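Next come the structures, one after another.
The following pair of complexes shares a single chain, subunit A, combined with subunit B in the former and subunit C in the latter.
Up next is the complex of A and B:
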């Protein structure tokens, strides 16, 4: 074989190979192709986003969260779900949830909001922070084209609840702020049909969008991830101050509020932090705001950090009670006394829970059936 | 010179193996990095040899040795502290891209010095050609002896750092006490070194402890030690005890939820269970509830006999737990195969290493079926979260596990939830209603806190079940010992947590990337073969094949050994040592006795050994595996040494002025490609059979080329 003949053979072989073999590793490549599909396929939504302004030069500035992303043409904000197209900002996840479940309201957790009922829980891809411990990282740290979405119009979401007799819709799992428009429209339709709306959020949102949204919502649960700015900067990749401001705003505007604090070993679990947290809540929100301490489980980037010991949670519980908070709960500790609600006046059990179940309710309306003390919340 | 060459072997194997252990530990037990680490090692050795050759007469070997033995513990410490220096918080996952980079870089300094020493020591001989062969031989002997020492002492007696200290002092002692040293002087030096070693031993233990305190700040370190199986760290915080294996959480005590999900779900199907066999880590966790189910007899198979009294006491307190010291795979594939259990539990953990993913192969699942009674259940709890959605990356993993189980069992069912639970049986025992499950759970003497009606109603609601079923039947690819792709699906899954990882994997797995590369390689090979100087081209091809085939076979042996025996952590030292010894003897033999047909004879020998491996590896009892694979690698290296000399004879006899580094460079290039692709990429994609067929094909091609040369 001479060199020319050899080159000809190689050329033919390569052409045949290229023509016949498009995927060398189909089973593995399938997953990675989905993960790498950064271009927008046609199935994404394109509804104009709210709360942005056009910049003097080309580009827009998103005003929905304190991140204030400045986005040039065909780029997206930090959340990966909002795109600038010719200086118009679009949400790509409107009507395209990637997670849909029917959960007990206690799973959110909301303990003072229609106990023992269920909620249609939905989420889209994307998030405006990047917590190292995120339980929902597979969707929250994805772009919408990287998740398995299905179309669900706001009216259909509400109708599902009506047909299935589900009293509440929960915007949860990822960060609802990034699908604000979708959440807003569902909540508005829901109100007309008597379906409640609750937002499960990190509270990293600007004042104006929250102000406009709150009248549509019945309750908000805020994940206050720490009481230290440094933690927010290094572990959450966000800021603490705006979250604290929004908590005060929610309380002031009268929407039902509950707080969850995820106790992450070594990172936000010191007694000093629990004390500071309790004092801040008492001072700025009042001692009747339900505060849940939930247990960290190894997730996402903190895959090898051990789960929170029960004793740490109990320490948090005791500190908050000693500081005067009236409704302190421990999450995912079935059988523990801190699962149930007690009347702060007479000490009677007003709502007895185990796991996601409400075993007993001793309330007359929103009053303790024993001493008539008002228990804050929305119960009936 | 011989003595120095021997210590070079000792230093080289020690450096390579101890650093590999540290990398496996730092990167959570993942063996994919062995390939990139070895690539870094070869690169460094080649560079060191090149620069060493240029400066051979100006630098003393003792100085390089001393630098090397001082640098080795430093490199181990740096590797171990890397997550801290790089700003990772306690328990944070290190992305694949970072691990690839670090595993390559970590090997460079020691590899460089090891390569440097070779020409420096060689230059001490009078006749260069003879001294090269002698250094090669004694380096091989040193590597083999070093391999055995490292395997015996590391884990069992000493920590990695202490072994590095022992190795360093041993080498310096050896260099100072020659044959001609007076007895009195030798005794004094030995005494001084013994005292020095006591100091080093103590200070290294302190160092081990100090590093753990830095890496796990906020936790009390109960103990930290190496076993032949892995590195163990036991931590405590707020009354909970954490057992870490290679920086990965193996178990937490007390952790009722994990304990219940490890033991209770199969009892919901057969509450009248008597015997349970548990494979994989978790002995600590189930100790929290085992006592409450006294009628169960739980056999736990674990290769680590004792961990620490804190943990061992917790387990021995549970009277119905029987601890059997053996590798789980050896246990189920050998003499115990006739035992009958009601439930076999496989707890593979994250499927991010061959050690873990080997449990979910058709071979092991079949063995488990044989251990079960007719109504028995195989139960596999996996850590994949399917509670709220099932991602594109999780789906193929779950589907592969499901298909593999379905291949062996008639009935398979899966519980979705924050951890996905697989059940398989030969009887319809799994086909029961939700109410029956709850009734069965209520019959237990222990009332579960988590596996009960309060939680299961939500976990097993129709929406979740429907979602799970929709993805399970999408793919039908099973995972097997021959084609183990679970580890790679897991790598893709974890890569999603890091953009660079996603991009790197996308690049590696993309057909459009490989096709042109394959064409370029073929064209280059073809051009070389069709060049006017055919002898030179074929000879260079033989060098390349020597490196590629030998290293590919070495890595295949590592994989088979790990998958069948499960303890590569220490034995890798003996396997590499046997390879080095074979290489040295092969070269020596070829130099002294090699005739004209050296290259074809060596290739024929290599071909026979490879075919023999392909035909016999699955019949080898685990008790003789180390001997079998050690001998195989020795044979492969023997042939490689012969082939190297054969090719050298051809190349330099006819072209005495030809670049002396070309042959060696091509061999290293072959080794590097073998290190990078064999088990990392090709094994899960084309499978072990085809990989061996390709290697046999390459050897035959090289054999034909060698025959052409001889004509």
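Up next is the complex of A and C:
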């Protein structure tokens, strides 16, 4: 199978975009060919889900995310990937990614986590929210039978990284919380083989499953989509409060954390919101948590809005710096100086970036090579 | 006024439910009552434009236990072919081939014979563009957008653990790509808004609600201890009125079996009012002209009551 056919099989805009920087794996592609057979109905997984309880009379209640879907026989939760069969809850996406690429870690974005390295990035169909701006809606808002999936056992995912010398696996593109069991098992195998795991998430997960998962992960990037509950209710179809609680939990439990805030014109781009956001981060997480402001491009259900003006992003940047955040970045603006990391003590460029590329690193271990100031993160 | 016809069968039914012949009698009687005309062939030729590709949206969630009966589709197909429609222009459909197969349907995507396939069939899938109404943004199955001209909705009357009622409007969840996103707030107003998505509204013309066997609690899956028999079908060109009558029957069966009304178990069927508000049909009992008839095993018809 050639690369073009592989991408057709994946059927995902994000994957297509990502593939420009991707090497593909013949050992994985061998598995994909089966998934593309014309007459075969899509085979879904049937692995019992974790974190659910049986209800008194009939049905189950999912306890993996704050939505707590109550699901009766043969129905699915909001995510569309978990199904009740005779009051046993199953994940249908275990071992069935629909997108798989090698990305720079900067693309996640994780800027303080092994800069300049790559991550095997994978996703299954489904999501537990429905953001109107989603860039990957073709997979995140689909049920697994609507995507082209291919079998990839957790051990195979890890072995591929070992063979290809890819240091990290990123659970990304859609929402890893909905393929929790698969992510957990890959991460666990990865740990044994020295492969890192990073979760790129909206953070809409319950406390207990996150607590159990964090020891398997090396870093988490949370999309904090807004600092206002109303935005979460109307644009994200989720809730803000549990996300804030989980951010605090991640920080408390000691897993490396970075935050992305997608700035959507007219919806979450006021100076008051940037100020509120900066103050919340500083108060509850500390001023050294990298905070990325990402530029919005019209997508999915928000095609009526323009891309975020650069000026708005720069305003966010300035406000956060003025509020004392030490590592503020702008994303989706290649070439901007705010893509680089600066030492908060001496102002020197410690990691110079352009787009997803690391051009120069001026670090001794995790210290600024000029003034010896400690730069937080995992660098070596 | 919206006319709703309820045809009940008083003869003995087998464990499998009605035979195609029994359904044929019920449908024949129902169509005549619905239109006030006596020639069944002419009735269908008047209702459905010539050369239409006709869809039959089934509900196959409960597999063989309590899905749209194959016998109902066979009876309807007989009537349609009798009226001159090509059998290859009839498509029995559902979300997935798996669901159809598990409900007892024989898949066929060939260019001869009655077609039967799911949206997941290669080359079918969902619309490229989103359709939006109110709180719903969805891709719609190409069976509705591109393939059929006239859809007949063939739901099964059931209790629904979230929506309260699973009938015609709820069955259209099977026509979109993301039904799992629309179950909050007792599926209100989503149930109404999905049926008001342009291609669905334009092509979904007739509801035949199967209420031979009713899952009056524990639905929409199959729970044998909560099955009761109404022995009826409900026919209307008003999807909201059909569901309103279906709800009345469901509530009565629940009462007969000692269960509280749906409102008391936090499953009020709010979406019917929402559907009325956007002009999909009527819920006002004073605006629904209900004709109930009972037919016996010899085909004799008597005017009857809902209960």
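Going forward, the second predicted complex is superposed on the first by the 338 of 380 C-alpha atoms of A that agree within 3 Å, B and C clash if a C-alpha of one lies under 4 Å from a C-alpha of the other, contacts with A are read in each partner's own complex, and residues count from 1 in each chain.
We take it that a contact is a pair of C-beta atoms (placed from the backbone, for glycine too) under 8 Å apart; a residue touches a chain by one contact, two chains touch by 3 or more.
What you see is a predicted model; the values in this text were computed from it and never measured.
Novice: Return first, second, both or neither, reflecting whether A:301 touches subunit B, subunit C, both chains, or no partner chain.
Specialist: both
Novice: Could you look at A:146 and tell me whether it touches subunit B, subunit C, both or neither (first, second, both, neither)?
Specialist: Once the two structures are laid over each other on A, A:146 reaches both partners.
Novice: Contacts for A:58 in the overlay, against subunit B (first) and subunit C (second): which applies, first, second, both or neither?
Specialist: In the superposition, A:58 contacts subunit C only.
Novice: A:73 in the overlay: touching subunit B, subunit C, both, or neither? Say first, second, both or neither.
Specialist: second
Novice: On the A-aligned overlay, A:207 touches which partner chain: subunit B = first, subunit C = second, or both, or neither?
Specialist: In the superposition, A:207 touches no partner, neither subunit B nor subunit C.
Novice: In the superposed arrangement, does A:102 touch subunit B (first), subunit C (second), both or neither?
Specialist: first
Novice: Figure out whether A:136 sits in contact with subunit B (first) or subunit C (second), or with both, or with neither.
Specialist: In the superposition, A:136 contacts subunit B only.
Novice: May I ask you to name which of subunit B and subunit C touches more residues of subunit A?
Specialist: B
Novice: Share the list of subunit A residues that count as touching for subunit B in one structure and for subunit C in the other.
Specialist: Touching subunit B in the first complex and subunit C in the second, residues 141-142, 146, 301 of subunit A appear in both lists.
Novice: Quick check on the complex: what are the subunit B residues that touch subunit A?
Specialist: 28, 89-93, 217-219, 235, 237-240, 242, 244, 247-249, 252, 254-255, 257, 350, 385, 387-396, 418, 449-450, 452-455, 457-458, 461, 463-464, 475, 477, 485, 488-489, 492-493, 495-497, 502-503, 505-506, 509-511, 514-515, 518-519, 522-523, 526-527, 529-531, 684-685
Novice: Report the residues of subunit C in contact with subunit A in the complex, numbered from low to high.
Specialist: For this pair, the touching residues of subunit C are 61-63, 96-98, 120, 122, 125-126, 130, 132, 137, 161-162, 177-181, 183, 218-223.
Novice: Which residues of subunit A touch subunit B in the complex?
Specialist: 1-3, 6-7, 10, 13-14, 17-18, 21-25, 27-36, 98-104, 107, 121, 123, 132, 135-139, 141-142, 146-148, 173, 234-235, 265-267, 297-298, 300-307, 309-312, 315, 332, 334-335, 354-357
Novice: Hey, which residues of subunit A end up touching subunit C in the complex?
Specialist: Its residues touching subunit C are 38-39, 41-42, 57-59, 69-70, 72-80, 84, 130, 141-143, 145-146, 237, 301.
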